[in-house]
Amino acid sequence: MTEFLDLTEAVRKHLNPGNVVAAEGFTHLIPHAAGLEIIRQEIRHLTLVRMTPDIIYDQLIGMGCADKLVFSWGGNPGVGSLYRLREALEQGIPHALELEEHAHAAMANAYAAGAARMPFAIFKGYRGTSYPDVNPHIRFLDCPFTGQKVTAVPALRPDVAIIHAQRADREGNVWLRGIVGVQKEAVLASARSIVTVEEVVDRVDETKGGTVIPRWAVSAVCPVPLGAFPSYAEGYYSRSNAFYLRWAEVSRDYDRFREWMDRFVMGTRDFGHYLLALKEHGYV
Amino acid sequence: MTEFLDLTEAVRKHLNPGNVVAAEGFTHLIPHAAGLEIIRQEIRHLTLVRMTPDIIYDQLIGMGCADKLVFSWGGNPGVGSLYRLREALEQGIPHALELEEHAHAAMANAYAAGAARMPFAIFKGYRGTSYPDVNPHIRFLDCPFTGQKVTAVPALRPDVAIIHAQRADREGNVWLRGIVGVQKEAVLASARSIVTVEEVVDRVDETKGGTVIPRWAVSAVCPVPLGAFPSYAEGYYSRSNAFYLRWAEVSRDYDRFREWMDRFVMGTRDFGHYLLALKEHGYV
Amino acid sequence: MCEPAYMPEEMMVVAAARRLDDDDVVFIGIGLPSKAANLARRTHARHLSMIYESGTLDTAPTVLPLSIGDPELSRTAKAVVSAVEMFNYWLQGGWIRTGFLSAAQIDRFGNLNSTVIGDYRSPKVRLPGAGGAPEIAAFCSRTFILLRQSRLSFVETPDFVTSVGFLEGGRSRDRLDVSGRGPQAVITDLGVLEPHPESRELVLTAVHPGVGVETAVEATGWPLQVADPVAETAPPTAGELKVLRSLKPSETTDVGDKVSSHYEVSPE
Amino acid sequence: MCEPAYMPEEMMVVAAARRLDDDDVVFIGIGLPSKAANLARRTHARHLSMIYESGTLDTAPTVLPLSIGDPELSRTAKAVVSAVEMFNYWLQGGWIRTGFLSAAQIDRFGNLNSTVIGDYRSPKVRLPGAGGAPEIAAFCSRTFILLRQSRLSFVETPDFVTSVGFLEGGRSRDRLDVSGRGPQAVITDLGVLEPHPESRELVLTAVHPGVGVETAVEATGWPLQVADPVAETAPPTAGELKVLRSLKPSETTDVGDKVSSHYEVSPE
């Protein structure tokens, strides 16, 4: 059953060092504010899970919060590399990062299996690829009826899911619309969940579209306007493509990255102050 | 890629004797008009598949169209028995009916597996029940990662899916809203599909809610207003509970049932004339 | 103060409703469970979440739905999900706290038959079958069984097990790897049976007002264990009955006019 | 008539667009494939269905989306589905006719690497990884690969196979039980390579205007087979170029004002 919490409190209450954390968002509604709060609280030894790690995961990795990454596509969408991710893997900066690498279909099915409390998922992926050679979590089994070979991956059951949504009602029922990716599955697969929302309204339902996640499936709801920035929230604000481009500059060199993070993230007390600092320095 | 057809033509084109047919609808949007057209065309030796066979399946079975039924709950909802189904199973009237019996969870997963072109589905059902004793299509296998036992059922891959929806646009994209059951899965799992719709409109999409099935996933779209009667179409008309009650009277005795079907179904040339005849005799 | 008169079925509904909590998440079918949940939501459990098998989450019907697919349910639901999602994510996923079940037969361990009376291949009475019952029995954290008590339904050995209770009793359910804890009470028209904490055999723990223990024992097809002492259910209060009787079924409109407008052809 | 000047990338996009049919159902990523599909939809293939990996079915963007999750895509889509549904029902389900792929490395059988250059455990260059590419490669009925041709990318042995082409050639792909037929063409900045009907080895079947066969052979890291005769791609028409150059990227608005209104505190 959910409770309304300040984001700082929610992260303090639900995130512990060593947790498996899925901060999901598939090209939309990416929970940047919550990710930055994890960095601010210096929570370490995390296993980060996400289909499409982008800037916020680059930041978490660069700041040394992650021991392991479970993912299926890691890049700066439309721009290029994630330099902090690449340097972690190519040079162990700031420290080595363990990988469990998948394709999107495997991750999506693994979340769905987690949400359904299944120990594993089956699908038809990975045939003819090198992934089974480098990921021991990819196995094959035979259909008990036809003998056909199918692919199996273990279910994802994170300790904490974090997503951003457009709205919650006053009881904490969450509503999101637009591209939804695996956000619902991530929440349902996880032991705990934090949902940041653009605003709190009187009622949410699906009669005019969108998806509702009931309050009893969510641990904490935190109102954080613009909480997906530089990602977007359909109906609220658009993606800051400029920030994604500037991130390539900011993040390319480790020292520059640290300086930037120290100033804008570690040096601000919450997401609102971070945004105001970005604005002051011309980033928004 | 879809085409607009008259319901009579669509059934003639896509249904063949011996086909596996899933005319789905979970308490809503049940494709009665299409089912009656199968009866009118006397298409036999069908394997009928549906989670919740109700009146229309009772009619198909009583008229001898079905050799086999794959199902998970067979009753007259809120009323009681389906007498034609019961007499087929208890007394072989009009002929014996082979059963493949499941629980809802198994059927839903089997459709989803069919839609995903998987040979089988896994879930956690049937533990401690008698179903595996009477249904050889229920098997168990071990998780390749944890050794946990999971349940397996074969995928459903019908020859033809039939559903009813509220709307199609002029290109044949289908839109439905309200309770959706397994309709989308049934269409995607089947080799061919017929969709009857209440009306044809200029545009359908999901921006104000509902679900769209794209035209290229549907074989035929047939405008049939009231095509779900005595079931309902949310936003169009409500369920005729009175008809469900009267069906218990009409169907209890085989001869009475045959007489009724001969008069109202075999004796009318299409669904419109059937409804007019029902109206004339006080059934609506 | 004189107690109001009531029907046995009303006692069942009231007894079931009282067991629901304010923050409950309840999976319900039509009939008595729907009445019980709607009564609870209008009395002591205003935040209760009602979930119907048709895929409607957190419905708030203003009338009593006539079927699990009543449009009143989807109209007032916070979310409507597909059958696949309902069974996999919500039921098997373990999010539903309380489930209601009924059946044609029950045994001393709460195993239920709603499939067939007689032999499966040549049935005496063919019943509707499983539906979602096996999953409700397996995956709701707890279940309540609502069932009129008689030797025909409370049997030594059911002809079929559609939905599992405590299997063979004791800890035998645990080996099934199902997340639900099993039936917590069987509420009948005569009283309440609850599982013994060790043996998991159903024990008569309460009788409804005016019902003798012997009546309940007589109506049971196995030697019924009886708690000592047996409680007596508090009768329905005037308030409970008033709310219960105010629950009106949803209405439907006739399609006759629509038949005419769509299909009646004016004479050429 | 003098032919219009154009960039090599424009030739690639035009050559790709021409291969799309009016009733095509196309799975596209950002960049050249998105341009090709949008060009086709505005010229000869007005009924083409565009599907983006983010879950948007049958989108009709009025501008060129900047990412697969551009709000223009969900705003104009007929349907928006979850990632689970996209990969299971639509891609693996076999409903998508045409897929586009790219990569850092390709071999003579159209196997693609977008994962890593060098050793997987100690990479020289770590690339973004698979995303949906393995499923596009496996389950779209046919795929087109868009890739600039050079010895760095057209290699004897890729460091990793992210997405399967014709595996080891011949009928070896058939044993994988994937429904898609594999790559039908590799469209580069120099020409077009198509699989040999028997060996499935990529053969240079066309060069773009002004490109010599030798240039293409030189830019290939294996001994490139060349069709006899080699066709020459028709250059982009003025009409194609006009439409292609009219495709404008989607615009975004700055959130600066919203930062102020939500977070700027007036002095106390």
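We just call them A, B, C and D in the order they show up, numbering each chain from 1.
By our rule, contacts are C-beta pairs under 8 Å (C-beta built on N, C-alpha and C of every residue); 3 or more make two chains touch, one makes a residue touch a chain.
Only a predicted model underlies this, so the values are computations on that prediction, with no experimental measurement involved.
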| Least hop count linking subunit C to subunit D through chains in contact | 2
| request: State the chain with the largest centre-to-centre distance from subunit C, centres being mean CA positions. | output: D
| remark: Two candidates, B-C and A-C; the one with more touching C-beta pairs is B-C
| task | Could you put a whole-Å number on the gap between the CA centroids of subunit B and subunit C? | result | 26
| request: Would you kindly tell me how far, in whole Å, the mean C-alpha position of subunit B lies from that of subunit A? | output: 40
| query | If you look at subunit B, which of its residues touch at least two other chains? | reply | 112, 116-118, 123-124, 148, 184-185, 206-207
| said: For subunit C, give me the residues that contact two or more of the other chains. | reply: 75, 80, 88, 92
| request: Examine which chains touch each other and state the graph shape they make (line, ring, star, complete, other). | output: other
| query | Which two-chain combinations touch? | reply | A-B, A-C, A-D, B-C, B-D
| query | Any idea which subunit B residues touch subunit A in the complex? | reply | 116-120, 122-124, 137, 139, 141, 143-146, 148, 150, 152, 154, 206-210
| said: Considering only the defined contacts, which subunit A positions touch subunit D in the complex? | reply: 26-28, 51-52, 71-75, 77-78, 81-82, 85-86, 89-90, 101-105, 108-109, 111-112, 123-131, 134, 148-149, 178-182, 184-185, 225-226, 229, 232, 234, 237-242, 272-273, 275-276, 278-279, 284
| task | Going by the contact rule at the top, pick out the subunit D residues touching subunit A in the complex. | result | 30, 53-56, 66-71, 73-75, 80, 82-84, 86-88, 91-92, 111, 115, 120-126, 128-135, 138-139, 160-164, 167, 173, 176-178, 252-256, 258-260, 262-264
| query | In the complex of these two chains, what residues of subunit A are touching subunit C? | reply | 1, 112, 115-118, 171, 173, 184-185, 188, 204-207, 211-214, 216-217
| request: Sort out for me which residues of subunit C touch subunit A in the complex. | output: 23, 25, 47, 49, 57-58, 75, 77-80, 88-89, 92-95, 179
